[in-house]
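You will see chain A twice below: alongside chain B first, and alongside chain C after that.
Now for the complex of A and B:
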């Protein structure tokens, strides 16, 4: 195995073009290699020392998260918690404190797990990723990025350099909740993220809804027309649409029918949390702890 | 492929020649020779292998040693000064937070990082801070008592 410790983006892109696999925290790559399950790639390039790749900056009225920004940073960054709370909810639930210290948003996005906790929040927030190669840079929405479990539309010479969060509508907020059996080192059984926009009178203008671990990729719920309805009615509609559109599998953690039922429950709770936040209610990150969802302390 | 690099463990620099695939845990135990850090699950689940990298807790079983070059690594051996136990170690013993002892080094490293970052940690903060560390003996009550007591006394209290 060859190993390169990249000190610049150019060096990293050259290595990726030559066939190296990027590694940041290694929380997916190295864990997968333990016990010889999925051997490490022949060639690795470490991108965790590239200056500036781990910073959060303002970008076109929203935020630009460098690819090596950690989950720990996302879960506590004041601007993310304030304007993109659903993403902070997701990062705050990943693994354990140790996982969140070394696990990065770029790694999470490019690992493309349908159970990733940041995926559904990124979908409802309208996020894109910046993919760079020696040939140039392009921007792809997260909806167009994930194509199958563990598969993205990025080509093998492209490196994810940032996740872009656009400015959010007035009177809106987001939230992510998941069903979990324990409070740490857990993978979502199912999860749901929403962004709720309210009108001036407290009725709902729109609800974006995306689901975790109920389809081959993060699933965006479609045709959820709740304009003008109450928050309670919007939550009901979200529950029904989520359970209807989910296509879950049965595995060791849950049956398909249990997932189909519970993803609706999560969707309804996510709508209630996001609407509460949009109305100015203080609901702390992560919603799972604030609402007491999941395993008790 | 074999890589040559320097690891700084407990403020001592070690010259390492090892396969690039080796985990930080494997190099700390096998090359540096410090065996206080334990291998539990070797799968990032149990926290027995917890060390600090630049002050932050990291599962060393699932972190490449070669990626830790140039960073400050702290293991359980780096806490005591001479024969005097660190306050967290002493409180673990006095509060019954140790039975078989296998999880203790990782538990202490997580607790150390938490209290270093948040000296006023509440009981809930401590539960969340130790959420990545499993113990199969104590039922956690003694461990919680030891860390809550350390939060009250202060991390830098003389033993």
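Now for the complex of A and C:
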């Protein structure tokens, strides 16, 4: 087994081109290996010390998050909390303080779990990822990235170098809520993220909605036409559409029927939280604590 | 109460544990040490057709491979129903079939994989009610040949107790109101933070075993029994123990590793993974079905109660033979009832054996009973707290076994807990307060200690007691210093070593401070009287007039002429030394008038502890997710010797109770295998979930029990929390809870059932 500690992006790209698997925080990769699910790869390249890969910068009116930006950074970064609150909501729920300090956005995105907590927020925010290889760089929307549980459309010689968050519409805000049985070290039973755009009068212009842990990949809810409706009506519509379009399974954590019901509840609450934020209400990150989903604030 | 200041209790083992310098079993590393891995059955019920270790033995770096054929052909366990390794059949998935010692863990695992293990599947007994059907397959075909002694066995019934007091049937027939309820609790786990480790090393014909055990003397006795060794050739040492909660009580793998080390001719170490910690040890909190029938008089008093209890015993007997009796006591409860009947049976299944986990059987049985009790109160139109006051036992009252209680504080506990939680306050519509009461015995028993003072006046306490994290052993220096007018820091502890110290039952049954505290105090008396004699001769006074205080001895009334204890100690070396010994002798059990068939000795509660837990719960009705906002716990555990330590036990017990109430359960598939042997899906509570827990003690001085009038404390706080949460949820949902844990989905389904 070989382990390369990359000190530059070029070095890391060379290593993945030669067949190495990247490791960032290791909170998915090492845990999966120790749990016996996936053996540790023969060749690893650590990317967590590459200078500059862990920075948040402005980019075309939005933000560019380097792949090794940690969940702890995302949950507390002023610009992310202000303009992309739904993503901060997601990162703030990941694991425990230790997991958030070590786990990265690149790792979360490339691990492609259907229960990942940044996935639904990234979908509703219209995010893309930057994939680099020795051959060059391309940008792929997150909708096109996740193809199956644990599978992405990136090829094995590609590194995720950044997550790109585009500028958001006026009068809009996002929120992510998840159902959890306890307040730390939890995995989403189900979750929902929304971005709500309001018009000048406080009615809804549009709602984007994506769901966690109810399908093989993060699920974008379609045909949610709520333009002109009240926030309450939009929340109702989101609730119904989420429960309708979800295709959950039954497992140790929940039955399919309970998931189908609760994902609707999460969707409705996410709409209310995002709309509140869009209207200028101060709803702290994460919404779960502010709203008391499974836990009062 | 103590003259020593224990208000800022400092644990002697604290710095080691906090800084990481402490050593646990898995940290032990010996020259030439080999690594052990087990081959497990992996199937719940099967007859072994092939077990061939030749290929495994041939792997380079493999030093030994053992099966039952390589160890003495001895059956052990409380009814002698098991062997060290599977013999002919396997009866649960975590049964050890073979063990390997190899140069490293990977090689050992490869050797395990190379063992040829083939079997014919047998029917799986996976349901305790189906197991009682006349045509049900038997988990133990040979049960009639087992050494049951005082244990009632019958086919798949591994142990049964029937309790009778008065005439329950007649009283039920006369009752104004009869209420029935059926309650089902899932199995759960102790889940200590440290997965266990065992290291064994032979020197000549003696073996030293370092092990994560709560009960080193029991572990030693298990090794002696199964490997046919006298006790003085087996030394068990427990390094720091990373928690136990009962999960490390009993005798587990010490003999396997000792046998491996002998065969491998070098030290051998076993370290469990979390998964093994879930699957293999014969320790699990048993699943339970409790059916209760209670007859009430129109004045709200209880006329009679009948209980039928089935417990999931698992595949083999560990220490769980007393569980049916204990469960029956908790299903009948700390109430004044003159007519009771309980039929309680532990049922063999092809699952991991059940064994003592903190307050064994009590949280589930108390949950069932106290849920039922709120139903009783509602049926007679009484407030549930008033109902408990009316029917709960008090000083001088006679309980369900006819035991008449000396001074006890249950009623005061009810007052304190309900006042503290704000019972009766107006709450938001999604909040409610639930209240439950519980009880648990103290277990006076054999326990020994030595104390010595060396010539510089510094002391050592050599105790058989085991520290499982509660701080009980760490309290001993305070007790000794208190007797000798010295400081706790003047004493070091030698503990958790069976060859150094006299016998103790171990960190089980909340008995450590209760019994070993008495033994150490007795040992210090002997030193105190020697110090007084020496001081008396130097000060030309009577020994009885010598006061030991502030590290000095002086004549009562003349504190100015004081001799340092260190000086007395120096002198003592030439005049017979300062060595004390103490041994706890248990008092007789309180009398009862109940009849018990299959009596396992727990109709009588010595030093009975009482508690009332009151909880404020918030329910998200859209999802069924419940959250405990506040807990008020009031306990009568007699005199509280160590307030910080005792409060810590209550806080921990409550938090464990919240987990049992809401999130902790072990689920089985239809083949008898655990579905969630991992901490992601076996959901313990985390610190982020912990509500404020307010702890109050009703200090009733209790004679002839623990030191200074104490009763036990460690298990009692784990009894009533789940029950109190159940009653809060019952109010919020509008239906009594019937399944434990009360998971969000179950609560949500109950809400749906009320709605439709």
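Going forward, the second predicted complex is superposed on the first by the 291 of 297 C-alpha atoms of A that agree within 3 Å, B and C clash if a C-alpha of one lies under 4 Å from a C-alpha of the other, contacts with A are read in each partner's own complex, and residues count from 1 in each chain.
Note that contacts are C-beta pairs under 8 Å (C-beta built on N, C-alpha and C of every residue); 3 or more make two chains touch, one makes a residue touch a chain.
Quick caveat, the model's predicted, so the values are computed rather than measured.
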Query = Fit or clash for chain B plus chain C once both are placed on chain A?
reply = clash
Ask   = In the superposed arrangement, which partner chain does A:139 touch: chain B (first), chain C (second), both, or neither?
value = neither
First (chain B), second (chain C), both or neither touched by A:1 = first
Task = Would you sort A:99 into first (chain B), second (chain C), both or neither based on which partner it touches?
result = first
Query = When the two structures are overlaid on chain A, which partner does A:148 contact: first (chain B), second (chain C), both, or neither?
reply = neither
Message = Tell me the contact category for A:253 with respect to chain B and chain C: first, second, both or neither.
response = second
Task = Could you figure out whether chain B or chain C reaches more residues of chain A?
result = B
Inquiry  = Taking the superposition on A as described, I'd like to know which of chain B and chain C A:30 touches: first, second, both or neither.
reply    = first
Message = For A:183 in the superposed arrangement: first (chain B), second (chain C), both or neither?
response = both
Message = Looking at A:232 after the superposition, I want to know if it touches chain B, chain C, both of them or none. Which is it: first, second, both, neither?
response = neither
Inquiry  = Applying the stated clash rule to the superposed structures, which of 25-33, 61-69, 79-87 or 97-105 from chain B runs into chain C?
reply    = 97-105
Query = Touching chain B and also chain C: which chain A residues?
reply = 35, 96, 183-185
Note = Within their complex, chain A touches chain C through residues 35-36, 96, 179-185, 187, 252-255, 258, 261-262, 265, 292-296
Remark   = chain A contacts chain B in the complex at 1-3, 5, 23, 25-27, 30-31, 33-35, 40, 44, 46, 48-49, 72, 95-99, 101-102, 183-185, 297
Remark   = Note: in the complex, chain B contacts chain A through residues 1, 3, 19-21, 23, 42-45, 47, 50, 53, 56-59, 61-64, 66-67, 69-70, 110, 113-114, 124, 127-129, 131-133
Request  = Note which residues of chain C are touching chain A in the complex, please.
outcome  = 275, 618, 620, 622-623, 625, 627, 629, 662-663, 667, 675-676, 678-681, 683, 685-689, 743-745, 748-749
